[in-house]
Every structure is written in C-alpha cells, then in structure tokens.
Amino acid sequence: MDALIPQLLNGSAQGALLLLAALGLSLTFGQMGVINMAHGEFLMIGAFSAYLVQQVIAASDLSIPVALPVAFVVAGLFGLLLEVTIIRWMYRRPLDTLLVTVGVGLILQQAALQIFPSQGVPVEKPSWLDGQLTILGYAWPMRQLFTILLAAVCVAALSAWLKYTSFGRRIRATVHNRDLAETTGISTRTIDRLTFFVGSGLAGVAGVAASLIGGTNSQMGAQYIIPAFLVVAAGGIGQLKGTILAAWAVGVALAFFAYWTTGSLAQVLAFILVIVFLQLRPQGLFTVRTRSLA
Amino acid sequence: MSSTSKRLRKLVAAGATVTTAALALAGCGARAGDDTAGAGSSAAASCVDTSGDTIKLGFLNSLTGGMAISEKTVSNVLHMAADEINAGGGLLGKKIEYVQEDGATDWPTFAEKTEKLLTQDCVAAIFGGWTSSSRKAVKPVVEKLNGLFFYPVQYEGLESSPNIYYTGATTNQQIIPAMDFLASKGVKTLFLAGSDYVFPRTANAIIKLYAAKLGIKIVGEEYVPLDKDDWTSQVAKIAAAKPDFIFNTINGSSNVGFIKAYYDAGLTPAKTPIISVSIAEEEAPAMGHEVTGNYASWNYFQSLKTATNPKFIQSWKAYPKSSGVTSDPMEAAYISLYLYKALVEAAGSFDVNAVNAAAKKNTITFDAPEGKVTLDGENHHISKPGHIGRINADNQFDIVWASDKFIEPDPYLEGYDWFPADIRKQLTDAAG
Amino acid sequence: MTGASLVVTDLRVEFSGFVAVGGVSFDAHPGEVRFLIGPNGAGKTTCIDAVTGLTKATGSARLGQTELLGKQVHKIVRRGIGRTFQTASVFDELTVLQNLDIAAGLHRRSVSLLRARRGIDPSIERALEETGLTGELTTPAGILSYGQKQWLEIAMLLVQDAKVLLLDEPVAGMSQDERTATGELLQRIAAKRIVLVVEHDMDFMRRFATRVTVLHQGKVLSQGTVAEVQADPQVQEVYLGTADAITEA
Amino acid sequence: MTKKPWISLGGIGVFAVLLLAVAPLVLTDHWLNNLGKYCCWAIAAVGIGLAWGRGGMLVMGQGVFFALGAYSMAMHLTLETAGDRIPAFMVLYDPLAPLPAFWEPFRGAGFTLAAIVLLPVVVAGALGYALFKRRVKGAYFAILSQALAVALAVLISSTIRETGGDTGLSDFKYFFGFVLNDPANRQMVYLIAAGLLIVCLLAVWQFYRSRFGELLIATRDAEERVRFLGYDPANVKLVAFVVSALMASIGGALFVPIVGIITPAEIGAAASILMIAGVALGGRASLFGPALGAIAVGWGQSSLGSTWPDGWTYVLGLLFIVVILFLPNGLSSLPARFTGRARRTPVEQPTPAIAAAELEGVRS
C-alpha cells in the first residue's frame, strides 16, 4: 500500500480546504440556523480580494499574508451587508433564507463575470510555498501544508474567540436561548451581525486558500457550497469538532476514491457516503442532547 | 347537485373534444418508414430576407454560465469581424445585422436558440459554439431546418455535416501534429490528463491508437469533471508514473488547478513537460508563472509571423471589448465570418444550397492570420498549418515546431492506416 | 370499557447526564381529574413527554396491560393516549372543522384520505358542542382566541375518543371565566376518561383537582387529595419560596 | 381554499382550452415547441408545489427524478433511432463492446413507459422512506436532495460511453414510430405535454381538496402535532414526495422529444433550483402558481435571456430575493393582498412549543 501515506496526506489537505470552506458555514448555520447558499460566492470574493491585493503589492511573498486579513474583512463586509439587508428579516424562515441566498449567489457570480476578465485572474503563490516536504517517500507540496496550517489557525482562532471573548460568550448565550439572552441585556441584533460577519469572513479566508489551488473566476464558489454544507451536516450542527472530523474524513475519502477510481466517481462516491451517513445518523457525528437547544 | 355535475359534464365534453382534436392532428404526422423523414422535405422554406440592404446573421455564444469565461471573447471577435466587413462594404453589398444569442452554457438552450435564429430571426447563417456538446446540440437543428452553422473551435473530429463549417482544427491538424512533435523529441512514455467530457475522451482514444503506432507507451489516463479545480490526487499519480510528457486535454478553469497542482508536486517542464491543446494566450495569464515553459499545439499563435497577423492583432487590441491578446479559437471565429463572406460571394447568394454548391468547387480561400487557408468543400473543414508553441514568461508562445506544409483536414482520419476502418465505418454509418 | 388506569412506575429521564425525572411513580384513573403540579423544572412536562413517547425514558408507564414506553409516538396515540401542549398548537392555516376532521381521521382507512370531506362527522359535532366551539366551525384556527385554541385541542382529543387526556397547562393565559369553563369541561369529560393536568395555577388546581401529585426536582414530593397535599409541610416549604412563580404562570 | 373547489376546476378548464386549443392556433412552431418545454417544467413544478408548498419539503433535487424520466425516454428514442446498430456515440470509446445491459430493456416501448412511471416511484419511495423515517427535514432534506442531484449529474457526466456524458443524448429521429421532424408530430408531442400538465393539475386539485391535502398542510405546519394525533408524518410526506417525483419524471420524459436533447446540466444543481424558481414566483402553495410560474420563468429565459443575457441572470437572482422576501406566497397571493382579504398565513412559523418538540425529535 504505497498509496496509503500520499493519499492520507493529500486527503488531509483537501479536508483542510473543505474545513475552511465549511467553518464559516458551520458558524452561520450552526449558530444561527441560516443556510447561506451564497457562501461559495463569499469564498470567491475572498479569492478576488487576494488578486486585488496582488495588484497593489506585487511581491507575492508579502501579498498573500496581507491578502488573508483583507479577504476576511472584505468577504465579512459583504456578509454583513447581506445580513443587514436581507437575512435579518428571515430568521424565522430558514428554508426561505436558503432560496434567497441562492439568488444572491447568482447575482454575485454574474457580477464577478462582468467585472473581472472572464477567463479568471491569476493569484500568484508566494515563493516560500514552493517545493515539497518529503514525508515517508512522498513529496508533499508545501502548499498543502499551508492549507492545513491555515485551517488549524482559523479553527484555533475561532474556538478561542467563541470561548474566551465576551462576544463569543454572548454568541453562545444567544444560540442557547435567544429570548433569555435578550432579557439579560444582550443585543441579539449585534450578535447576529457579528456572527455573520465572522462566518462570511472565514469564507473569504478559504477563498485565498482556494485561489492558490485552483482558478480564480466567477464560477469557483459553486464547487464548494454543497460539499461544505454536507461537512457541516455530517459533523453535527454547531459542533466545531464534528465539522473538523467530518471535513477531514470527506477529504481523505475523496483522495482515496480518486486514487482508486476516477476524479468524477470520487465526487459521486463521497457525496453518497455522506448522504448514507446522514441517513444513519441524521444528527451528525456529535450532538448535544438538551431540551433547549435552539 | 345539478349545477356542479353539469359543469363537470361540460368539462368532460370539452376535454374529449380536445383529445380527439389532438389525435386527429397526430393522424396527419409522418410515421417511421413513410419516407418523408429525408432531409429537406420536412424543412420549412427558408425565411431569410435578402430584399433589404442588410443581411441578418446569428451569433450564438455562452455569455452566461461556466463557458462564458471562454465564449465571451469569441462573441466579441465575431462582432469585430462583422464591423470590419461592414466597413468594407458588407456581404454582397449588404450590411451585416447580427443577432447575438446567449447559449448560457446549456446545450438544450443552444438547440432552442438555433431554432429561434433560423425560424424567428431568419438569419442566413449562425456562428458560434465552443464545446463539442454545444455543437452536437446545434447539429440536428441546423440539419432539420437546413441552416448553416460555423463552428470556430478545435474539436475531436469524426464528424461532418452539410450544414456545418468547421474553422477550428480537426484531430489531424492539432492532435496528430502534437504527437508527431512528441515522437520527434524521442518521447517514450505519455500520461493523458483530461476533463471528463466528449472532446478529451475522444481525443485520448485517438491518441492511444496513434501512440501504439509511434511506439509511445501510455502510462496513465486521468479525468476530472469540468467544474472541479483540484487536481492534486491525479497529479500525484502522474508524479508516480514519471512520464516523459503529459498530454493535456483539460478545459476551462480546471486547467488552472491542474497547472498549480503540477507545479506544487515539483513537476517541471524540464523533466515532465506538458503539451496542451486548450491552453492559449487567453488562458495562460490566469495560470500565472507556473505554466511557463510548457507546450501547446495550435494552428494559430499571436506570435506567428505572417503577412496578415499584425493587422489582426492590431485591430483586436484597438477593439473596445478587446481582451488584449489573440488566440487560436478567436482567430478561427474571425476566419469563420470571412470564410462565409468568401462563400456567399462565390455563390452570389445567401441560399444555403447555393453556398454549399460554391464550397464544392474547393476554391474558397481566405488570407487568415495563420496563413492562407483553403476550404475543403466535401468535409467543410479548412486546411491549417500545425504549430507547437512554448509558453514564455509573457504568456506568449515561442514557436518551436511547425508542420512543413498546410495540413489538409481529414476528420475521419481516412489517410491514417492506424485508425481502424471498422470504427470509421460504424461512425459514418451512424452519422447517416 | 372505561376500566383501564394509567400507571406510571419509577419513571426516569436523563438529558446528557442531567436527571430531569428521577424515579417518579403515580397513577390516574377514569373518573378523576388528576393534577401534576410542581415548580419550574420539577419535571412535570417531561413526565408527559415520556409517557407520550416524545422523550426516551426508563421505568414503566402502562395503560391497563399495555406498556407505553418504547413505542413510537403515533402508535401510543393510537392506543388512546392524547395530549395538548403548553403553547396551544393547532393548525393555524386550517379551519376548526379541518382541525377536528384531521383528528377524527385517525381511525379512517387511508384510501378514504384521498376523497374530499362531505358533511360533518357526528363525533365532531359532539366535540364542538362539548367545548362550545360550534359557532367557530369555519374559522381558521390561527385567529381563535388563546382559550379557544386550548379548547380546540381538547376537542381534537375528544373527537379521537382518547382514553387518556394529558393536558399541559391548559388554562395558562386564560381569563377567570375561561378557567372556570375549562375546569367544568374537564370534570365533565373525566367521567369516562382519564384526565391528567399539568398545572402551575394553584387556584385552578384547588377548585378542580380530585387528586394531586406534587413533583420537585424530578421526584414525587407528595401525593393525595388537595387537602392532604396542602397540609404537607414539605410542599409548603417548597412552595413558599416560589409562591410568585406558582400563581404567575 | 377548499371552499370553492369548482371555481378552481373551472380555472383548470380555461387553462386547458388555452393550452390545448388556443396556443396551437396562435403560436408559431418555434414558440409552440418552447411552450411545450415550459409545460414539461410546469409538470415538475406542479409536483414541487405539492411537496414544498403543501408539504413543506423543499425538494432541491427534483433533477434526479426529471433525469429518471428523461433518460428512460432518451434511451428509448436513441435506440429507436439507431435501429439495429449500436448508438453512434458509444462506438468510439469501445467499438467492440456490446450495448450496456441496462439499455437493452429500453428498446421496448412498454418497458420505457413503465420505467418512466415506476422508476421515480421506487427511487423516491425508498429515498423518502429512509429520510422521513429518520426525520431528516428542513434544510437537511433540501441540501441532501440537491447533493443527490449533483451526484447524479456528475455520475452521468463521467459515464460517457454508457450515458453520453456531458454531451447528453440527442439527435432523435423517431418518437414511438412517429417522425419527430414532422411539424404535425411535434404538435402532437406538444399536445401530449400540455394534456399531461392538465392531468397533473387535476390530480393536484383533487389532492388539495381531499382530506389528505388538509393533513399534508397540517404536517407541514406542525409535524409533531400530527404525530400526536396518531399519524406517522413520514407516511404523509412520503406520499406527497413520491407523487412529486412522478410528476418530475413525466416532465423529464416529455422534455426529451420536445427539446430533442437531454444532458446532465438539465438535472444538476442549477436546473433543480431553476425548477424551484418558477414555483416560488407563482406561489408555492397555490394550485396554478407553480405551473404558471414555471411557464413564466421558462418564457423569461427564452425571451429576456435572448435580448439581455447578462440582465436575465440578475433578474433571476432578484426574483429569488424579492419574491421570497416580500411575497413568500408568490404572485398568486397578490390579489388576496389587494382585496385585503388576506388571512395572515405564516409560511413557516412553527409555534415555539412545537419547534422545540421537533428539535427534540431530531435529536433523540
């Protein structure tokens, strides 16, 4: 089984990208119950932000580290705009939110097609990501390592933010019991906006990572939304550790399926795997059994 | 009770009438074997209006959806060519009035819009399409309605239609030259990487046949869906197979992912070069420096030194909707409109049968940016020079190989003994 | 035929380690209006949830000889156990008649579902009369008053001819007159059925209860007639501290 | 909504006359054919209205069932066109291999027609049973169904020799013995599609006025309450889901001879969502809304998509946003709004107690 190690590492990196794409979704869906189908387009916004940063800072060694926070903020602001203009009216209609954001996604895609060169734009990889790390005879691309590292940093930052800051605590309080949170003086409106900002911002960060792996163009977001949602669902709503494990599992499954079969079949098999899993465990990998979970 | 049931009875009666009417209508329709199925007899008479001082042409490109990234440019270059021709006096003295339609990256839409252009807009000919799937959707419609369709992109060959003119390369003008080039470089092992659709699958089937003849070993074959960018798993397989060359039939944005994965895996043009049949001047910039040093097989490159190329490049750069660079599919689209001009001038008419009759004389030529191309009146393809270019740091191509003469189009590979005659027969039979 | 009693023995419910109900036993018989009271979090509603199959529980809950725990919700209902919810939950978009007709459909053959309704089931007319909703036949349930919604819920159980009615705070939010009407209604229907009421309202309990079980922190604190329970010093101790909460509801 | 069922029936009658008698007289062949295509989408939309509007199941993967009908039909027509030969597209990838085994039965017209009806029933039945019994609902159900549509589209794209891949199946010459090029026959195919649309409307009309229709709304609004009335909501939803799948399959089957081509793009994510767009526009829970909405969206795509392709995408996006945000019950709820008769109909507002109970149901 000489394929074991390479596909495991490669799958882990694919999982890390999925995790990055799913992280923000996990926050907005898990914590707020909002399914944002434009999440993939926020990812695209992050990737285009990276491109625009590179137009200002030509040296790619520097531009990518700068692009990460910029993409976070730009995508986050788009998310905030979406929340303030549309989502806020629809918290009681989750299924309708899903369809409304489909419309938002369509518009963002078409806008990107018209604003940027239709063939897409190049995002140059920093030279410090050139080369490979040889692990057990497999030349592991540095870029994959970077994706994993980036995902790890985002997970750590997000969980620390949720756990230790007052905002994070308020988010958790709101999630737990919205009415109670309001009566204790928490502005749930502010919390909603902030959660959406961060969730969308994380999509922007994922977009930068995606821009280093594939093309940066108007269509790029579409390929991430369904897998990302499946990851969130399989992990269990609002369960960070579940999302991480599910993303990793799907990534590794994709890598192995692609190795054993073809790239197309791998996608089909991975989807079916998750669907069957969710059939067996509709609540996902992890679940909290309380009565008051909102 | 009476009022509702009366209404119901009326409805039933109305329904029965309508059903009977439907069946009566159906009774008029031709059945299989009635012999009215032959082309032409069922086609409505052409409604093309040639009385005024304008002539309508249809442009059919995907302006939305996934393929818009490639087809928008083709649409724009068609507009430029139409403007040029109009500035030079038009077609048979009539100004071109074009109807632009959006194929929306949806093959049934291509079929629907073809029918619309021919029967509602009454255009004299349609130009456009990119993917083979879009052409295959258009083909039955133009054949049914006896329209004309000019297709400007290299494709997998094994097709010809009295109603389609192909101004891009067929396999023996792009893939076979690429294989000849590989053989000349002493390549022994080859890996095939393609998008999962008809062109790469067919092209690779042909490549495998020719490779066997050339003594090149195919060490692997991988396909990824068109809309998926991540090639890492597949590139790992390529790296493990260590081929002398990679034959790349990937299309669209997926190519960017492939090149990035290739670069990240430590594969280099020095050791494992790629030859592509879909990366051109338009696509290369989106891949950044990572694609530099690899090869592509085309008929036209912006860097070609021909008499007419500088003017084409200059006009395009000056064109308002320009993308800045010229490429093979753009040039083929440019040719298609001028080829049509030559055809109607030779026929002295916009009539489809007259145009086809003019083509049959095999005298239609055009001084294209890639050189003087000649139309083959039998198979409706054009002769083309084969070129291999190598991508330089400016995302332009340095020409490293050229065919010694223009290659005559041979869509069914009749001149190649390694192509099994029984397959050819089955294909031509099936095509009717 | 009205003989069977509801007997709950050593009922236990846990949520992720938190014991909501820790070994509760009580019984209820036809002919009595049985009350289950206790402060917030005492586990009253959880008991009902467990008996109706909504929450997993251990122990036993029998109607006559039939064990209810472990059965699926809709199968428990088909055994004749009906319930209402704290917040009245009727089908807002449907009329009173449609609401009741759905309830009455329980014992119809499924093929008959594909036909439209013609006329009104006699059981529905009886239930309407019993609950005083006859005039609201074609009113969408969503625009009924709060009290009327509760009565509609009870009417739905009557239409189903439920043997056991588990009512979760049926008079919360009702006016004094409505409370009295509800109480009298419960006494009427209890003649042939088991009626078990979860309540906060001590006054309502005092007026209409036949027997009472007091729950506290998931355990039975006291059991007996109204007078017996009120006299229990443990009950007084628990309720003194939360007297406000009891009457508020 | 059930008070005056005969008015609705009259409406269906008027609609039938318009589609079956007026349209063939006033429309050109091209537009009649287009209308036939919209009718196919409308048939699927009527089913979506039943499942989503009345049943609360957001079926975002109707492409799967559309595909079952469409590919069954397309395989039959391909074989009919090819005659004794192997279909042309298969030859190249492996000239010696025989026809794939699963194609063989589709030579028979009877088998094909049976497959168009039974395949979606069996697949939706199994899928729905598995999902609803496990209480998969809401957004989960929506995304899972969409994931299935994507998976099927990718699968078809990647099995190029067996299914025609991304190019799809096209170039059909005959339709059960009739020459498809003949305008009279094309009109017949149109009439079949329009007629079946009317039949589907009648079926749904009966569903809506029946006790089942009331139970379905009850299940949509308060699934747990229905359970506490002694019904298994899974069964109620299953019936609606299977019927909607059947309608999607019928729509797909007729799409093939009318449009002349079927490809994975017609069944994937975008196509499945487009089917929903019409339903949302017309009014998800109304009788005519889904069908009229689907026809309107189809027409918009053909006409506005021609004159202003970039704009059409924006219009479509805005349609989703504006209609769902401000008119959750679609355009068909407009008259009621203006006459002020509008009952406050919460589209998706479960009462808190039930919402909590439902969550509990999912979790336990």
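By letter and in written order, the chains are A, B, C and D; residue numbering begins at 1 in each of them.
In the analysis below, a contact is a pair of C-beta atoms (placed from the backbone, for glycine too) under 8 Å apart; a residue touches a chain by one contact, two chains touch by 3 or more.
Just so it is clear, the model here is predicted, and its values are computed rather than measured.
Participant: In contact with subunit A and with subunit C at once: which chains are those? Just list them.
Facilitator: D
Participant: By Cα centroids, which chain is closest to the centre of the whole protein?
Facilitator: If we average C-alpha coordinates per chain, D lands closest to the whole-structure average.
Participant: Considering only mean CA positions as chain centres, point out the chain farthest from subunit B.
Facilitator: Of all chains, C has its centre farthest from that of subunit B.
Participant: How big is the gap, in whole Å, between where the Cα atoms of subunit A centre and where those of subunit D centre?
Facilitator: 31
Participant: For subunit A versus subunit B, what separation do you get between their C-alpha means, in angstrom?
Facilitator: 37
Participant: State, to the nearest whole Å, the distance from the C-alpha centre of subunit C to the C-alpha centre of subunit D.
Facilitator: 43
Participant: With centres defined as the mean C-alpha position, give me the subunit B-subunit C separation in Å.
Facilitator: Inter-chain centre distance comes to 72 Å.
Participant: Please output the residue numbers of subunit C that touch at least 2 other chains, ranges allowed.
Facilitator: In subunit C, no residue touches at least two other chains, as defined above.
Participant: Do you know which subunit A residues sit against two or more other chains?
Facilitator: 110, 222, 262, 264, 267, 288-289, 291
Participant: Of all the residues in subunit D, which ones touch at least 2 other chains?
Facilitator: Correct list: 154, 157-158, 310, 313, 360, 364.
Participant: Quick one: which bits of subunit A touch subunit B in the complex? Just the residue numbers, please.
Facilitator: Residue positions touching the partner: 6-7, 10, 13-14, 17, 110, 113, 117-125, 129, 131-132, 138-139, 141-144, 210, 212-220, 222-223, 254-255, 258-259, 262-264, 266-267.
Participant: For the complex, which residues does subunit D have touching subunit C?
Facilitator: The touching residues are 2, 5, 206-207, 209-212, 214-215, 217-218, 221-222, 224-232, 235, 343-346, 351-354, 357, 360-361, 364.
Participant: Write out the stretch or stretches of subunit D touching subunit B in their complex.
Facilitator: 6, 9-10, 13, 16-17, 20-21, 24, 28-31, 33-34, 37, 80, 82, 85-89, 91-93, 95, 154, 157-158, 160, 165-168, 170-171, 173-174, 177-179, 181-185, 187-188, 191-192, 195, 198, 259-263, 265-266, 301-302, 305-306, 309-310, 312-313
Participant: Taking the complex as given, what residues does subunit D use to touch subunit A?
Facilitator: 56, 58, 130-131, 134-136, 138-140, 142-144, 146-148, 150-151, 154-155, 157-158, 269, 273, 276, 280, 310, 313-314, 316-321, 324-325, 328, 347-349, 356, 359-360, 362-364
Participant: Per the contact definition, I'd like the list of subunit B residues that touch subunit D in the complex.
Facilitator: Where subunit B meets subunit D, its residues are 4, 7-8, 11, 14-15, 18-19, 21-22, 25-26, 28-32, 34, 36-37, 42-44, 63-64, 101-102, 104-109, 111-113, 115-116, 119-120, 131-133, 136-137, 139-141, 144, 158, 196-198, 201-202, 205, 223, 225-226, 420, 422-423, 426-427, 429-431.
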